[in-house]
Every structure is written in structure tokens, then in C-alpha cells.
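Data first, discussion second: the structure below is written as C-alpha cells.
Note that the chains take the letters A, B, C, D, E and F in the order they are written out, and that residue 1 is the start of every chain.
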Amino acid sequence: MRVSLPWWAGLWCFWMLLQGSPSLGSALLGVLVAWLIARWLAPEASGGARLRVLPLLRLLGRVAWDIVASNLAMISMVLLRSNRLRPRWVEVSLDLPDDPRRVVLAAIVSLTPGTLSVDLDAESRCLLVHALDCGDEDALASTIKSRYESLLLEVFA
Amino acid sequence: MTEAVLPFVTLAYLVAMGLCGLRLLSGPQAEDRVLALDTLYIMALALIAVLSIGSGHPINFEGVLAIAMVGFVGTIAAARFLTRSRGANDAGLD
Amino acid sequence: MSVELMLAAAIAVLVACALYCLMRGRLFDVIVGITLLSYGVNLFLFAMGRPAANRAPIVPAHGSVVPAEYVDPLPQALVLTAIVIGFAMTGLMVALVIKRVQSKGEG
Amino acid sequence: MTLLLIALLPWCVALVASRLRSGEIAFWLAFACCVTLVATLGAIAPGVWAGGAMRISAEWLPGLGAAATLRLDALAWLFAMLVAAIGALVMLYARYYLAGDRQLPRFFALMCGFMGAMLGVVLAGDLILLALCWELTSVASFLLIAFNAPERGALRGARAALTVTGLGGVALIAAVLMLGRAAGSFDLAEVLASGAAVRADPRYPWILACFLIAVFSKSAQFPFQFWLARAMAAPTPVSAYLHSATLVKAGIFLLLRFYPVLAGSEAWFFTVSAVGAVTLLLGGVAAVFQHDLKGLLAYSTVSHLGLITLLIGFSADTAIVAAVFHVINHATFKASLFMAAGIVDHECGTRDLRKVNGLWRFMPLTGSLAIVAAAAMAGVPLLNGFLSKEMFFDESLALEGHDPIALLAPLAALVAGAAGVAYSSRFVHDVFFNGEPVGLTRTPHEPPLWMAVPVGILVAICLLVGLMPEPVVGVALAAAARAALGGALPAYSLAVWHGFNLPLAMSTFALVAGVAVYAAHGRGRRLHRRPTPVAIGYEAFECLLLALARCGQTLTRQLRGDHMRLQMAALALVAVVAAGVPLLLGPVAVTLPAISAGAVSGGEIIWLVGAVFALGAVSGKVRPVTVLLFLGAVGLSVSMAFAALSAPDLALTQLFVEVATVLLLMLALERMPVEPLRQRSLGAHIRYIALALAGGGGCGWLAWEAMQRKPTTISDFHLLHAVDGAGGTNAVNVIIVDFRGFDTLGEVTVLAAAALIVWSFLARERSGAITRFRGSFMLPLAVRVLMPSAALVAVHLYLRGHNLPGGGFVAGLLLAIGLVLEALALGSWRSPHAKPVRWLAGGLGLALATSGASLAFGFPFLTSTFGHPVLPLLGELPLASAAAFDLGVLAVVVGATLMLILAFAFGREERSG
Amino acid sequence: MPLQHLVIAPIALPLLAATLCLAAPRASRAISLCSALATLAVSVFLVATAASGDALVYLLGNWRAPFGIALLSDRLGAWAVLATAWVLCGVLLFSIGAGRDKGAYFHPLYQVLWMGVNGAFLTADVFNLFVFFEVMLVGSYGIALQGAGMAEARATLRYVAINLAGSALFLIAAGLLYGVCGTLSMADLALRLPALQGADRALALSGAGLLAVVFLLKAAALPLSAWLPQTYGGVSPASAASFTLLTKLGAYGMLRVVSLWGGTLFDANWIAVVMACGAGTVLLAGAGALASLSLARVAAWGVLGSSGLLLIVFCSGSPQALAGGLFYLPPSAMCASALFLVADLHRRNRLADGKLWLLIAAVGVAGLPPLAPFLAKLQALDGLFAAPDLHGLAWLILAASLLTLTGLARVALRLAGAGGEPANKVEHLALAWLCGGALAMSTLAAPIQRYTAVAASELAAPQAYIRQVLDAVPVGGR
Amino acid sequence: MPAWIDALVAGLLVVGAFAALVGAWGLVKLPEFMMRLHAPTKASTLGAGCALAALTLRFAGVEGVGSLRYLIPLIFVFITAPVSAHMLARAWRARNPVKIEAGSGGSSGKS
């Protein structure tokens, strides 16, 4: 089995982060450990998809901001008008071509407060989302598509 | 300043945990309880982090890491059980 | 509220609950009881090590050590052993209960 | 040497015979053995008669102060001769009686074994050896009675015999042990010499009681007489041997043997003579009414044994002579009678006196022999029985002093004498005359010659002794009696004719009365129409056994069934008492907690949360899955408590174990339908709650009190020497892998074994596929990321464990949980953990190898070493051999956890949706 | 390598064998047998060394005694280890002959059981004793579940549950002793316990009391006996045959505790209670044997009876009775094991030519001559009869043995006509090994009684034990 | 430790504690399961995130860049939290079937 290079590198970074105080010894050890684990446990590199850094950072930033912002929104919702919420089930049809990206999108949807991805229909490629407080289902769906799906398509070009 | 807020922060997390415990006790459905337990784990994680700040030794950091990595396993298992059993063998109780 | 009082209270509650479960006579409750009992007993062992906050028994690599500045590490080591053995026994017990319940269903 | 030969030869023959296939060879061996014994005994006879006791001794039981001593004096010689000589005749007889039986080798082996045991009793020169051989005779007789085993009568007879003689054995053991203490030695010679001391000992009544129980049970004295009648289920040669000449005489032998030690007290006189008299009468009367030929003989044996006992009970020197004489006489005529009865049984196919009639026509030879023997039994003059019975009458008349007995004894003797004549008459008349046989399946005829020869020999002895007693047995009798008395012989005369005297009158009266009684009762077969008499005592015995068995059943039924909760309650109760009593009675001043209004320092409230959920888990109103969730919450709070109270290692371990446990229980719950709680009475409820509260409260109190104590602990050493002694700063880990690494080795063994058990136990289910968590589209991807990270963190935790929180346990648990999760989420078996047993083997091997490596350097098992080599580029590298041990621990934990959890994960596929 | 190191062998060898069996399952039979023989040889060596007067102390990890874990092979420990080796060798042989070892992981689990028993007999550390109890128990669970029928599972479930509760008690006891005395070494505890005063002493007594409860549970003494007949009668007889020594562990533990701490910690009432438990057990065993209808059940009650007897004599305070008890321990286990094995033969309908073994084993269990249990019991009874206040116990033992005899006779007679196949050579060899062991012990009674007498006197004066453990010097003087 | 870092740490702690409190409150207060599912998964992410960030900052002065490792748990929380929420929602739906009208993007159904 070939060792997947991105995994190796990623694990090595993780190792270095974990060590706290970086030293040459731990770096070399990390190479070995990461190689072994990547060889043993990491899935094989899926050919084709390449990670693009800039869109990734943009995506991360946007998600982080949304998490904070909608958390605040959430706080107000829970505290101030918990009796007047409008929960809705929303189906979002996805354009993402492969499962990993759909999963990432679903995760982002879940992480941003107010929405929760519940199911992914394998055939119709629809993401079933539950929204805590939603006036307009279509608006929510399009927000999700525009804010995250497009960027995701860019990240894994 | 940190020292000043720490007791209150700790108390806040404890109260939050207490609320989670309340939900865990009251249910009404098993899913609610699982959710409460899951949240309890996250709260515990945060609380340990806060206590580490207070003590000045992040000696329990690995505990934090552990909760973050495996805390959800119980939730997964319970959710799986609930999905599969659909309460068939113990209907009527929650 | 002292650490000792809380520990003693927790041990009392855990052991009492465990005993009640064990004496209830249902196989499932025996598993629950044994689990609770092992929590209680582990806390009991742990309590024997003059527990206190912020005195983890991790000594400096160099320099002198004053034992009184640390909690007693030995009970912790014992609890560790007890935890692992308890886990193994729980698994065993559960397997047996499953077999027993299945046999009831068949016969 | 001769003694050794006598004692061991039968055993050797028994051993050889038991391995033989051919009954013929076995017979010749057994017969040769008996003949050799007779010859040997004959050869040493003059010396023994002259008063020279032979003795050999070897060291055997120094702890008891007992030795393997054999001792042969004239009394022992007499009994040994009886055993050997009658043994030879019985063997000869049995060869034809049991001809064709497939079990013949076993029979002869058992007979020889019995003979060995019996000779052991007779020759034992040490009380312990005596008791041992005594028990062996019980065992051997049990086996011989049970020879026809599946047959119902044999089973019951053997069991009754074993129980009664077993009781006797137990009593003898007690008697012997106390006697040995009282006499100061177990050596027979010393005991015999210390009679006065024994009789003065405060334990004497106990000794006597136990001793007499032993003797009476063996010799079928009242109230133990019933077993002998039951023992008639044995093959007739066995009855002829054991139940006339040898086994039942063991008790008599013991009475004679210990006569100098134990006799001479009022207790002895009254007990022995009373029991003897009762037995004498009981046996005599019962014998008349038996319908079974062997039953008649059995009760007559009981009666005669009673006679001998009564004689010994008289405690007069001449009575002892009479007793010894009657032992000889009874053995000869009773053995021949049993053999004759066996011939009848053999030829007629039944021994029911109501069917067997008028055999004189078919077998005149057997008839004439039997009639002579029966006459001897009845005490007809010119036969040996007459002589000893005459002496008995004489003794009963000579009794002085003890008023009631002195008056009653002659009367009893007379009645018993008459009864003896009556049953002897019945034996003769009812078998050989009294009309025609009834319903016999075959026509009887004379037996083979060699079957009659032993009877003939014995009858000839009866005649010879009866005609000229002094030349035939005089010397042996005198020597034996002298040995039994342990001193000088009294004046007595062995003569056929003593002139017209009172005993002769009594004899005559008994003869006439006996014949008259039989004639009156038996006229016109009136006796035949009487119902079979109940075996006196046997029913009571059966009832007693049954009651005891019932009692046992009731007792054990309390322990049976689904009463696990009772067992738990018993354990809890005992523990509460054991721990509580010292606290409550001891000077424990209750230290009340000083409640200060200090700031909330953290985890303390968590414990309350834990306590609440522990209570919740106990509630019977929630469903099982909820109980498991509550358990998870309790576990979490315990883990938090550890984290808050300076136990980071514990917190980590508890957390991982908690997760693994919840995972395991959730997987298992699917297959474990939980029955609803049974309703229990309020009282039971309250009892259990009270017990639980006592147990819990007690534990809490113990913990509280113990936490007030601050003893100097051995762990100070561990803290002080963690770095310089073991090369690690994390004292907990250092203890686990170094100071107390042996505990850890045992612990991983437990883990591995438990995993193996569960894995193999649920193997049937494992044939299916692993049930994966299907339907979740997010989980697989998350796990793909998590799993390698978990492995990396595990490596990290393992590597730092010696110095900081972490170590092999937690690393292994984390890795295993990751692997389990992966297996469940992806449903795949990766090659490395497809065979988790290899993890176990590898881990245990590594731990063992690390532990054992120090042996090569001359250091004890588990000795560790460490160093800080400075390497180029890498700098100082902390290395400890204990780390390799920890790696082994890690591997075992991984393998075991995988097996423990995954064993429950196989089964049906998940329903989709 | 100094011979000292052989002390670890009875523990390390079985573990090594278990590991090798896991690694090479095909060769597990050979590995297991080799290990069994090696362990037997080492056990003989340990007894020989102990008999020559040198108790071997082994400091694990080369740490001085109260700080690390020490093993001690004194006369008592070595004797028990040898008894274990003898019985387990025989049962292993039988299992191989009967093909019972084909079950999953039989050999590794059997070796684990062996390791646990040996460890428990050799260790001089309270917590380590707990660990080895667990090792022994887990091995016994594995052996009990061999064949894993429903009946076995049911019987084992109770056994596991009650033992788990017992383990919890053990932990509390060990914790309490540590909390009050600050040490775990039995020898060190023996030094520290007398120094305790007042409330400390009461607490220590509580801890020791809990420990005693654990031992009573393991010995299946009266209020806690229910599990034994259920378990031993419920699992396959061949499994039960390997358990006959496990109850002896309880009595052994009690003996060690009473010997080491008894003089200073326990008063006469305490001892009397334990002896009363033993007496009740003996009587119960007799009643049970009388009431039972199968050979395996009678054997189980026999095991219970011998366990009660040992409790009585070990606590009696009479050196003579104690020596008798030590003499009694191995042959009673051998005979009970043999009886279980015969029951196994009967259950598989292979008793055609095994009646001799039935006879010998039954005679041994009933305490009849010529097997060694008879002599040992005699010695024990002699000791009891020597003390005026112990007469009652002697009578009780005698009465119970009569009940056992009667029950055994009934059951054995039922088997008298049993036929079926003949057993194979290996099975005969195994039975001959066990029965022969008991027989050989009665012919070798003289040296054995000398050995046990010295062992008893050692136990009566534990200072030697304490000094030996605490004064042992690590290699290189660490 | 510079004062601004101290202030920042305190601020983060307060925000996190507040978020956690609100999340727990929502867990208790919200009327039905699917709504309750939102509250803690969100609020607790912020609660945990802030606490960990505070930890990182607090020890940045001592450990420098190394204290970034205290953010690692956050990554795992972000990976696992959506998964558990999803699994729970799925389990709940299995027992409480919800009808969702067909059509992309705009259908709704109140449960």
C-alpha cells in the first residue's frame, strides 16, 4: 500500500502541534510516526481532487464568522423568543459532485447555529436540513448554496 | 482579571451542567437524554479547560483531548441503538 | 465543604445504589449494580490517597522531592488496575447475561 | 518378616487377581494365599502359644505419634487362623458356587482384599493402624455385599451395612484418638498395659461409649442388628465368610482385645451384658420366624454374637474363656450352615423356606451334614456347640452381686437356648422334611463334590471338637484366652462330661422346650402362613436416613434456584457486620465534618451530579437504555472528580473505559431483552433498602474515618525514587510499570483472558458480518479523519506516559476505541486487527520478555533499567526499559478491548431507514 | 542464574505458556504439557528447598519489600503450589485425553488459572493477592465455560456475579488497610498493625474483617456457600475438577491472615466466629452430600466440606490440627478432582472400566482409608481432641463425614452398573496420577508429617516470615 | 502575563460561559426535541471554543507557539459535533416519522 502524502504531511503537522515544544528529535520521530500511521490507517489518496489553499482559508474564515454570529443570534433566539420560533424542515438540493464534499457541507450547516443537517438523500442528492427559526425556506436554501457550496466547489477544484 | 471572573465562569459551567443533568433526568424521550449526555461531555471538556486556567497547570489537557475525540462515541452508540431497536423491547418507558 | 466529606458522601451513595441494584434480582440490574459498585470502590481506593486539588503526583525531573506536597500516587495506581479489571469483568458479565437471556428465550 | 508376609500377602493377591481375566487362575491364587497363610500360621503357632508375641514396627505417622506396628499374640493368632482357614474353605466353595460368573476375578480380589483388611485388624499393633484396617473391612464388606450391585436388595443392603459400620468406624476413630491421649501412646502394647490409667481418665465414659458403638455396630448388636439381615443380599460365600466367621467377629475381637483396658467398670458390665442379652433374645426369637433361609441364619448369628457379648460383659475370667471358645465353635458350625444354605439355594433356585421342603430325598449327603451342623448350633451334646453353651449356662449361673442381672441372666440364657433349638429345628425340619417342595423350577440334586467338601470339613471339626475338645483346641484356646485376659488363666475344664449339674439340666430343658415350641408353632406349616416379619430397626433406620436426606434437601433447596439476590444480600449483610461491628464496638469517636463556607473549588458539585444519576440509575421506572445513559453520566462525574483531585492518569483512564463500557453495553443491549421488574413485597423492599443503606453508609463512613488518618505510607519512597530509581517523573506510571509492575502483569493477563473468553463465547454469533452503522453519511468521513488522529494521539500518550499523564493503558484504550469505531462505521476489517488475538499474544510476549530480560543479567524478574543517551541531532533521549513493558501493556489493551467490544457487534445487519 | 529465581517460575511459566499457545495455537497442547511438567518440577524444587529450611524471598523489580512486591516461598506456600501442580497436571492430562482441550483457548485459559493460583499462594502483598485472585477467577471462568452450554453459562453467571461483588469487597479491604497503615505488604502490615491504637485499630479490624469475608466467600463458608454447589454442580465436571483448589485459596488466605496478624488484631470471639462458619459449612456439606443424587454434586459438597474443615483447623490454634490440615489440603483436592473426573467419564458414558477410580476417589472424598485424607483428618481430629474446648468441632467433623459417606455410598452404588465405552489410556493415566498421588501421600506420611509439623510451627510464630520478607536485600543493594 | 492578554482571556471565558449557559438553558427550555437539538450543539461549540481559546492564550506566555496545541480539541469537537447531532436527529426520525413534502428548496413540514 502506498502512503498517502497529504495524510503523511497532515499527520506530521498534527504531531508537531501536539508536541507543544518542537525539537529536532520530536520532528524526526514525528516523521516516523506519521509515516507508520499513514501507512497503516489512513485511507489511500483519492486521485484528482486537489486542495486549494486560498478558497479554503476563505471558507474557514466565513464559517468561523458565521459560527460566532449565528451563535449570538441563537442566544437571542433562545433567550428572548423561544416561544415564537418557527422550526422548519428544508430540503436543499446539492450540486456538489462527490460525497466528501457533501459531508463537509452538511457539517458546516450543522456547525452554524440555527440549522442542522439531518439526512442526505443518495439519489436526489438532497440535503434535509432542519432550521430552528425560519421564515422563508427558499431563502435559507439559497443562502446555504451560495455561502458555502460555491466556495466548496472552489476548494476542491 | 482572569482570577476575578474564574469563580463565576466555573459556576456558570457548573450550572450549565446542572441544566444538562436536568434534561438527562427528565427526558422525556431517550433522544433527549442522549443529547443531554452529549452536551454534558462538552461542558465537562470546557470546565476542565477552565479549571486548568485556574490551577495554572494544564495537567488535564489530555483529558480535554480525550473527551473531544471519544466523547461522542457514546452518543453514536446510543443513537444507533435507538435507531435499530425503535424502542421495540421496552416500549412505554422513557 | 471538604473534599473528604464529598468523597465519602459520593462513595456512600454509589455503594448503596449498587447494593440495591444487586439485590433486585434482575440480570440487567446486576450489571448496573456491578458497574456502580466498581465506581464506588474505585473512589474508595482513591480516597485512601489523601486526595487534594493541584497536587498531581508528577515530580520534577531534577531537584528534590517533598512527598507531602503530592497526593499519594499508590492508590491511584491501584485504582488504575481496578478500573481495567472492572472493565474486563463487565464485558464478561454482559456476555454471560446475553447467553443466559437467550437460553431463557429458547427454553 | 513372617508378620509382614501375613499382612501383605492377601493384598498382593488381591491386586494381582483384580487384573486377571480368568476366574480359575484367580481362584488358585486366592486359595494358595489362604493355604500359605494357614501354613505360616501353623508354623509359628508353637512360639506364639508359648506366650511370645511377635512384633515388627516401622516409622509411619510421626505427626500423630503412631507407627506401622504389627503384633501377633495368641489371641490375634486364633482370629488370624480363623480368617485364613475358613477363608480357604470359602474360596474352594465359592469356586463352584459362582462358577461361570464373569466377575469371578473381581470376587476373589475383593475376598482377598477383605481378608487383608481383617488380618490387619487382627494384627494391628497400633491403634491408628487398627482404626485404618477397621475402616477397610467396612469398605471391603460394602463392596462384597454390593457384589450383585444393580440388584435392588444388594444396593440397600450394602448401603445399610456401610452406614452402620461407617458409624462404628467414626466412633472407633474418636475412641482411638481419645484412648491414645488417655494412655499416652497409640502403641497397642502400651495401651494394654495402661488400663488403670485409662479407666481413671475423665474421658473414660466417652472412650467407652464410642468404643462400644464401634463394636456393637460391627458385630450387629442391638440396636444395629438389622444390617446383618440386610447383608444377606450378598452371595452366599460372602455370608459364610464375613457374616459368620470374620467380619462380625471383628467387634468381638475388639471387645476381647481391649478387655484388659476398658473392662472392669460398672459401665462396662451393665452396657455390654445388657446389650448382649437383648441381642441374644432378639436374634433368637426373630430367627424362628424368618422365611428366608439365610435370614434365619443371619438372626441366629445375631443371637450367637449376643451370647458372646453377654459372656464378655460378665467380666469374669472364665466367661472370657467361654467367649473365646464359642467364637471358634460358632465360626465352624455357622460357616458350614451358610454353605449348606448356599447349596440349597444353588440347587433349588430359591431359599424361601415356604417353598423349599423335603430335600432329604434329593440330597441326603448335604442333608446329613447340615443336620449335624444345625445340631451343633442347637447345642446338642457331643458337638462343639454344646460345650460352649454349657459353659455359657455355667457362667450365667455363676454371676454374683449385680442383682437384677444375676437373676435375669440364667433366665435369658434359658430362653435363648430354647430359641436356638427352635430355629435349628426349623432349619432341619423345614428344609429337609416337612412335605414336598413347592413351585421349584428345577429338580434339586446333590452339589458337585468339591462344593460339599468344605462343608464336610467344617462339620468334621464340629464333631472333633465336640468329642475331644482338649486335644483339638485346648492349647490354642488357653493361649488365646490368656492373651485376651492379659494375665493368668482361671481354672476351667474342657470336657465332654461334667456330670449331672445345673447347666446340663438347663441344656436338656432348652432342647426339649425348643423342639416343643417349634413343633407347636410349625405344625401343619402354620409358620409358613405368617407374614414375613419386619426387620426390627431397619425401618427406623431408613426413616432416619430419609429424614436426614430431606433435611439436607431443604437446606440445599434454600441455596438453589434463582436467588442471586439472596446471595448478594447475604454477602452484603456479612460484610456490613464484619466491618461494622469493630467500628461500633471500637473506640471510634465520630469525626464530624467541619463545614466551612469555602469557595466552590471545582469538581465537587460534579459528584453530586454523579450521585443523583446513580440514584436515577436505580430507579425501576426508566428503560434500560436510559439507565445506561445515567451510568455514563456517573462515570463522567467520577472521571471529573479524578481530574479535579490531582489524578490526571485516572481521569483519562476512567474516561476511556467509560466510553468503551457504554459502547459495549449499548451494543449488547440490543441482544439483551430486559424483563420487567418483578413486584416485591413492601417488607422485602424495606429490608433490601435498609441493607443497601447500611452497606453504602458503612462504606462512606469507613472512607471518611480512613481519610482522617495520615499514616506514613510506602508511597513516599515511590515519589522520592521515581526519578533516580525508575527514570520517570509520573509517579503513578512509574508505580504501574516499575515498582508494582507485577500487579500490572497480572492485570493485563486478566484483561486478555476475559477478552479471550468473551470472544470465544460469542463465537457462534461472530460467524455473521459485523453490523455497521449504516445510513449515516457523515460518520464514515469523520471516522476517516479521526482514526489516524486517534492513533497519533495514542502514540503521543504512550511516549510521554512515563513522565506525564498517559501511558500504555490509555494509549491502548484510545487506539482500540478508534479501531472499534472504525470497524463499526466502515464495516470493514482491517488486516492489523482482523486477528486481535495476535495483539494479545504480542503484547503479553513483549511484557514477559521485558520482564524476564533482567534474569539474564542476574537481576530479578521485572527489574528495569533506564538511561539518557545523548545522540547526535536528537539530543538527550530518555529511554527506560519499562517503556517496552508499557508497550506490551498497550498491545494487550488494544487487542483485548477490540475483542471485548467487537464480540458484541456481530449479528444482524441494520434495518435500513 | 541463582536458584532464587525459580520462585517466579510457577507464575511466569504458565503465563509464558499461555502466550505461546495464543501465538501458536496448533502447538498449544505440547506447549501446555511442557509447561505443566516444568511447573511441576519447579514446584517440587520449591518444596524441597523449603523443606531444607530456606524460605525463598523474591523481590520483584529488585525493589525492597514493602515498597515493591515480594514473593515468598515458605513451607506453606511451596506446599500449596506443589498441590496445585499435582492436581492441575492430572486434570490437564485428563482434559487432553478426553479431547476437552479442543474448545476455544482452553490451554491459555487453563494456564492462566494455574498462574493465578500459584501467584495467590506465593505473593506476600495484599493487593497483589487481589490481582492474582482475579487472574485465577478469570481463568476459572474460562474453564467453566468450556463447552459453553446453557447450563454452564447459567452456573458461571452466578459464579461471576458473586465473585465480582467479592472482588469489590477485597478492594475496600485492601484500601482500608492501606489507608490506616500506609502499606500493602503483609509482613509490613504485621509490624504496623500492633502499633495501632484506639480508633485506628478498630478501622484496621474492619478492614481485616472485610478481608476475612472475602476469604470466607472464596472458601464458600456457610453464610456464603450457596455459589459453590451451584457452580461446581452446574459446570462440566471436568471443569469443576480443576477448581478443587480454588476454595482452598480462601482457607489459605484466612490462615495467612490469622497467622500473621491474628495475635495482635483478632480476639478469641473473632476467631470463634470464623470457626463457627467453618463448622456450619462442614455440617451443611454433609447434609448436602446426603441429599444429592449425582456424583458431581456429591463431589461438590465434598469440596465444600473439606473447605469447612480447613477453615476450622486453620483457625483452631492447635499446631497438631493445623499440621493435619496442611496434610489434608493436597490429597483432598486430588480425590475430589478425581471424583469429578469420574463423574465426567460417567456423563460421557465411558465408565465401563473406570469403577476402580470411582471407588478410590469416593473413598478419598469420604475420608476413608487407605488414602491420605483419612490420615490427615485423623491428625487434625487428634489436634482438636487434644484441646478440651474443641471437642465439639471434632464430633461435628466426624458426624459430617458419616453423612458424606452415606450420600456418597448411595450415589456411587447407582453407578455400579454403569457401563458404556471404556475410557482411553490417557484418561486412565490422569486418574491414576490423581488417585496415586493421594495413595502415595499416605505411604509417605512420615516425611510429609514432619514437613507439615514444621510448617505449622512456622505459622504459629510468624516473626520469621516477617523478617524474611522485610530483610531481603535487593541484588546490588538497591 | 500582559494585562491585555489577561483581559482577553477573561473576556473569552465570560463569553464561553455565557454561551454554554444559554445552550444549556435552551436544552431545558425549548419545547420539542428537534429544536432542543439545536441549542446545545451550537452553544456548546462556542462554549468549548472560547474556553479552549482562553486556555491557549493563557499559556501562550509560558509555552509560546506550543500552546497552540490547546486548540486541537476544538478541531475534534467540530468534527464530531455535527456527526452526533445528525445521528440523534436520524434516531429521532426513525421513531417519529416526519412527512416532508417533495420539491427542492422550499418544502416544509411541521413535525
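The rule is short, and it goes like this: a contact is a pair of C-beta atoms (placed from the backbone, for glycine too) under 8 Å apart; a residue touches a chain by one contact, two chains touch by 3 or more.
Just so you know, these numbers come straight off a predicted model, no measurement behind them.
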item	value
Chains touching both chain C and chain E, listed by label	D
Reaching chain E from chain A through chains that touch each other, fewest steps	2
Chain B reached from chain A - shortest hop count over touching chains	2
Between B-C and D-F, the pair with more C-beta contacts	D-F
Taking each chain's C-alpha mean as its centre, the one farthest from chain B	D
Taking each chain's C-alpha mean as its centre, the one farthest from chain E	A
By mean Cα position, the chain sitting nearest the middle	E
Cα-centroid distance, chain E relative to chain F, in whole angstrom	58
Chain A and chain C: spacing of chain centres that average the CA atoms, whole Å	39
Distance from chain D to chain B - Cα centre to Cα centre, in angstrom	60
Centroid distance [mean C-alpha coordinates] between chain D and chain A, Å	74
Where chain F touches two or more other chains at once, by residue number	18, 23, 25, 37, 41, 45, 69, 72, 76, 79-83, 86-87, 90, 94
Multi-chain contact residues (two or more partners), chain A	14, 18-19, 106-107, 117, 119
Touching two or more other chains - residues of chain E	127, 131, 134, 138, 141, 148, 161, 165, 172, 175-176, 178-179, 184
Contacting chain pairs - touch in the sense defined above	A-D, A-F, B-C, B-D, B-F, C-D, C-E, D-E, D-F
Chain D-touching residues of chain B, taken from the complex the two chains share	7, 10-11, 14, 17-18, 21, 24-25, 27, 30, 33-34, 37, 40-41, 44, 47-48, 51, 54, 59-60, 62-63, 65-67, 69-71, 73-74, 76-78, 80-85, 87, 89-90, 93-94
Chain A contact footprint on chain D (complex, rising order)	777-778, 781-782, 784, 787-789, 791-793, 795-796, 799, 822, 830, 832, 873-875, 877
Residue ranges of chain F in contact with chain D within the complex	76, 79-80, 82-83, 86-87, 90, 94
For the chain C and chain E complex, residues of the former touching the latter	22, 27, 30, 34, 37-38, 40-42, 44-45, 47-48, 74-75, 78, 81-82, 85, 88-89, 92-93, 96-97, 99-100, 103, 106-107
Of chain A, residues touching chain F in the complex	14, 17-22, 67-68, 70-71, 74-75, 78-79, 82, 85, 87-93, 106-107, 109-114, 116-119, 124, 126, 128, 130, 132, 134, 137-138, 141-142
